[in-house]
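Order of writing sets the labels: A, B, C, D, E, F, G, H, I, J, K, L, M and N. Residues in every chain begin at 1.
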Amino acid sequence: MDSMTLIALVSIVMAGLTTGFGTMGPALAEGRAVGAAMTSLAQQPDASATITRTLFVGLAMIESTAIYCFVVSMILLFANPFWNTAIAQAAGQ
Amino acid sequence: MDSMTLIALVSIVMAGLTTGFGTMGPALAEGRAVGAAMTSLAQQPDASATITRTLFVGLAMIESTAIYCFVVSMILLFANPFWNTAIAQAAGQ
Amino acid sequence: MDSMTLIALVSIVMAGLTTGFGTMGPALAEGRAVGAAMTSLAQQPDASATITRTLFVGLAMIESTAIYCFVVSMILLFANPFWNTAIAQAAGQ
Amino acid sequence: MDSMTLIALVSIVMAGLTTGFGTMGPALAEGRAVGAAMTSLAQQPDASATITRTLFVGLAMIESTAIYCFVVSMILLFANPFWNTAIAQAAGQ
Amino acid sequence: MDSMTLIALVSIVMAGLTTGFGTMGPALAEGRAVGAAMTSLAQQPDASATITRTLFVGLAMIESTAIYCFVVSMILLFANPFWNTAIAQAAGQ
Amino acid sequence: MDSMTLIALVSIVMAGLTTGFGTMGPALAEGRAVGAAMTSLAQQPDASATITRTLFVGLAMIESTAIYCFVVSMILLFANPFWNTAIAQAAGQ
Amino acid sequence: MDSMTLIALVSIVMAGLTTGFGTMGPALAEGRAVGAAMTSLAQQPDASATITRTLFVGLAMIESTAIYCFVVSMILLFANPFWNTAIAQAAGQ
Amino acid sequence: MDSMTLIALVSIVMAGLTTGFGTMGPALAEGRAVGAAMTSLAQQPDASATITRTLFVGLAMIESTAIYCFVVSMILLFANPFWNTAIAQAAGQ
Amino acid sequence: MDSMTLIALVSIVMAGLTTGFGTMGPALAEGRAVGAAMTSLAQQPDASATITRTLFVGLAMIESTAIYCFVVSMILLFANPFWNTAIAQAAGQ
Amino acid sequence: MDSMTLIALVSIVMAGLTTGFGTMGPALAEGRAVGAAMTSLAQQPDASATITRTLFVGLAMIESTAIYCFVVSMILLFANPFWNTAIAQAAGQ
Amino acid sequence: MDSMTLIALVSIVMAGLTTGFGTMGPALAEGRAVGAAMTSLAQQPDASATITRTLFVGLAMIESTAIYCFVVSMILLFANPFWNTAIAQAAGQ
Amino acid sequence: MDSMTLIALVSIVMAGLTTGFGTMGPALAEGRAVGAAMTSLAQQPDASATITRTLFVGLAMIESTAIYCFVVSMILLFANPFWNTAIAQAAGQ
Amino acid sequence: MDSMTLIALVSIVMAGLTTGFGTMGPALAEGRAVGAAMTSLAQQPDASATITRTLFVGLAMIESTAIYCFVVSMILLFANPFWNTAIAQAAGQ
Amino acid sequence: MDSMTLIALVSIVMAGLTTGFGTMGPALAEGRAVGAAMTSLAQQPDASATITRTLFVGLAMIESTAIYCFVVSMILLFANPFWNTAIAQAAGQ
């Protein structure tokens, strides 16, 4: 097993794990936030403007953590600095 | 075990794990959101337009995290950069 | 253990795991949604049209995540790109 | 250990695991749905037609995920594509 | 360790695990459903016919998942296709 | 380690595990059902006939899953088909 | 390590595990049932005859699962069929 | 490592585990039962005779599962049939 | 590693584990019982005699399971039958 | 496996894990905070200014912990001091 | 690795584990008891004498399980019978 | 694998783990505190000054534990005493 | 690896684990106790003297278990009897 | 791997783990305490002096357990007695 293969293997594994598990937390949190939003809307329909605005800001904040995970996965798959170094090394040999 | 086989194995494993586990969070979150939506509808039927709209926005946000996982799985199966490099290397040999 | 056997083994394992565990989340979420639907119906029978419609949309969204898992399992069993490459390689030898 | 034995072993393991664990989620979800149905019936006996209909649709949706698992187990035991390839290979030798 | 022994070992293990763990979910779900049935009966004795009927349908659905597990165990013990192939191979040698 | 010893070892392990863990779910479920029965009796003593009958039907259903486990354990200990084959093979040698 | 020692070791381990873990579920279930019984008695002292009778039937059902575990442990320690076969084999040598 | 040492090691391990973990369930169950008893006494002091009697019967049932564990531990330490056979074998050599 | 050292090592490990983990359950159960006792005293100060007596009986029952664990630890450290046999063997050599 | 490859592998793994798991806590916490905010808005719409301000301060604090994780991941990928030393060493050889 | 070193290592490990984990249960139980005491005091300040006395008896009982763990740790560190035997053996050599 | 590489590997792993997992607790705790703050503000808007001040003090205390983790990570990456010693040793050779 | 190094390694590991995990229980318990104290103060400000006194006694009891852990860590780091024996042995050589 | 490297590795690992996991408990406990404080302030603003004082004493107690962990980490990194002994030994060679 040469170095490039190893780096490729580990990058594939971490790309999957980071997205697969890292989106679990945000998904559950968004479910909670959306659920609370609808309960609040049912309780106080007059405040729907404020509640909806707060919900969207909150969902954006939570989604940001899911996006961190997706970004790290994409970096690992398509802009992996260690892989690039390994390619460069292999080309230079 | 040559490099290509290893990359294929790891890609299969991560494609399954990422989708298999990564959809667990969104599914539970959607169940929670849908449940809260119906409880809210029963409590305040007059606000059904607002509640339904909020629910659909929320479900879209949550589904997006499930889709991140599915996308990573599909990339690993059908557009895997490391596999393509390995194929290219094997063709160049 | 040649490459084809290994790819076959790993594909079988992941096909089982992805469906076996990946349907756990959607099942629980649907149970929650259906339970909330019936509680809501009992509380507000007049809104049964809205509640039932919302339930069906929600169940479809949740079922979609279960279907992602089932699709990945079927791809791994019957349309596995790595297996096809291995078959092609073996035929070309 | 030849390839056929290995494929047989892994198929047995995954057939058991997929059904054994994959039916846990649906079972719990159905228990929840049935429980909620009866609580609703006790609360609003007049809506029993709607509640019962919703329950049966919901149970069918949930049972579908259990059936995905059972189908994958049966495919692995009786229509396993990798096993068939291995049999064909062994016959062709 | 010849192939037959291995298949026998793995079949024994999975027969036990599939039944031992796979009946945990249905058992808990039935406990929940039965508990909810009795709470409902105490709350609304007049609806006992509807509640009891719903309970029996629900228990049958839940029990079905336990029976999937038991069936897979019995198939593994007494109608195992891989074991039969192995026996046939041993007889043909 | 000859084949017979291995089959004996694995059968002992699975007989213990299947009963030891498989009865945990039914026990907890029966505890829940019995607890709910008594709470219901205290709330509505007049419905004691219906509640008790429902309880016994429910307990029988739940106990059935525990009995599946016990049956599998007993089959593994006293009517193990793989062990019988091994004995027959040893006798035929 | 000869076969007899191995069978003895595994039997000891499973005898302990089966009783040690298998009684956890029944114990917790009995605690729940007894607690519910006393809460019910405090709520409706007039129904004490029915409640107590139901409690005893329930405890007997729950205890039965603990006894399955204890029986399997005792079989493994004192009436182990595999051990008896091993002893017979050793005597016959 | 001769057979006697191995049997001694495993017996020590299982004696500790069976008691150490097996008493966890009964302890928690007794804590629950005692807590419910006192809550009931505070709610209905007039029924103290019935409650106390039920508590003692229940504690006896729960304690019985702890005693099963302790008995298995003591059997493993002081009346271990496999150890006795090993001693007898060693003496007979 | 001679037999005596091994028995000593395993005895130390199990003595620690049995007490260290085995007292967790009783401690939590006693905390629950004491907490319920004080809640009951605050609710019904007139029944303090009965409550206190029930508490002490209950604590004694729960403590007994902790003492089983401590006894097994002490037996393993200071009256270990396997260690004594090993010492006797070593002396007899 | 030379030192550089090892450092690259471990850096990839930790970059994924730190972001993938480290954002789970903040996501759940933000979901809770946003949910509480909307419940509060529904309960007291007049205090929406104070509640919204508090929410934003709180989200910033919580997001900071997610950012610590993302920063550590980025440092490991793009400004890894150990990697730089290894590069320098390799260049100096 | 001679026997003395091994016994020393294992004694250090178990001394730490027994205290480190064994005090978790008592700590949580005391937290529960103290919390319930203060809730009771706030509810019924007149019964403070009885509540406080019950609390102290309860804390003493719970603390006793923590002390069992600490005692076992101290025995393992400073009065370890197996270590003493090993020292004696080493001195006698 | 020379000493420097090993120290580098372990430092990278622990830097990631310490921040990745260590910030989970503080994040959840801050989410709880912020949620409670907003519930309190909705309940008693007049006390907003006191509540906000208490919240900020509390968040600072909780954040401090997250910062301990981040500090340890930074020390491990950029001011690692063991790494410095290793560098010094390598330079001195 | 000589004996001294091994004892040093294990002592470092256990010193960290004992404090790192052993303080988790007391911290959570103190959080519970302090929370209950403040809830009680808000409910019954007149009993603040009794509540505060009970809180401090309780915190002292809980803190004692954290201190047991810290003491064991300090003993392992700075007054380790096994280390001292090893030092003495090394000096005596 | 010489002794010094091993001690360095283990010290790095434990320094990270002790702080990373050990601060989880205190953080959650502080979150609980702060949350309860604000709920209490909202309920009884007049008792804010007593509540705030109790909160600060409680936070100090809880923070102390986090500081124990941080102190042990710092000792392991910068005042490690085993490392100092190893340095001294290396210098003396």
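In this text, a contact is a pair of C-beta atoms (placed from the backbone, for glycine too) under 8 Å apart; a residue touches a chain by one contact, two chains touch by 3 or more.
Not measured: the values here are computed from a predicted model.
Between chain J and chain K, the least number of touch steps comes to 4.
Steps from chain B to chain I, minimised over paths through touching chains, total 7. Rounded to the nearest 5, the angle that brings the Cα atoms of chain C onto chain N is 130°. Chain M and chain N touch with mostly distinct residues; of the residue numbers seen at this interface, under half occur in both copies. Rounded to whole angstrom, the centroid-to-centroid distance between chain I and chain M, based on C-alpha atoms, equals 21 Å.
Work out the mean CA point of chain H and of chain N, and you get 38 Å between them. Inter-chain centre distance (chain I to chain K, centres taken as mean C-alpha positions): 11 Å.
Computed centre separation for the pair chain B/chain E is 30 angstrom, with centres defined by C-alpha atoms.
Contacts with at least two other chains are made by residues 11, 13, 15, 17, 19, 21, 24-26, 28-33, 35-37, 39, 41, 43, 55, 59, 66, 69, 73 of chain A.
Here the chains make one closed ring, and walking it from chain A through chain B gives A, B, C, D, E, F, G, H, I, K, M, N, L, J. Those residues of chain C lying in contact with chain D across their complex are 1-2, 4-5, 8-9, 11-13, 15-17, 19-21, 23-39, 41-43, 45, 48, 52, 55-56, 59, 63, 66, 69-70, 73, 77-78, 83.
Residues of chain L that touch chain N in their complex: 3, 6-7, 10-11, 13-15, 17-19, 21-22, 24-26, 28-33, 35-37, 39-41, 43-44, 46-47, 50-51, 54-55, 57-59, 61-62, 64-66, 68-69, 72-73, 75-76, 80-82, 85-86.
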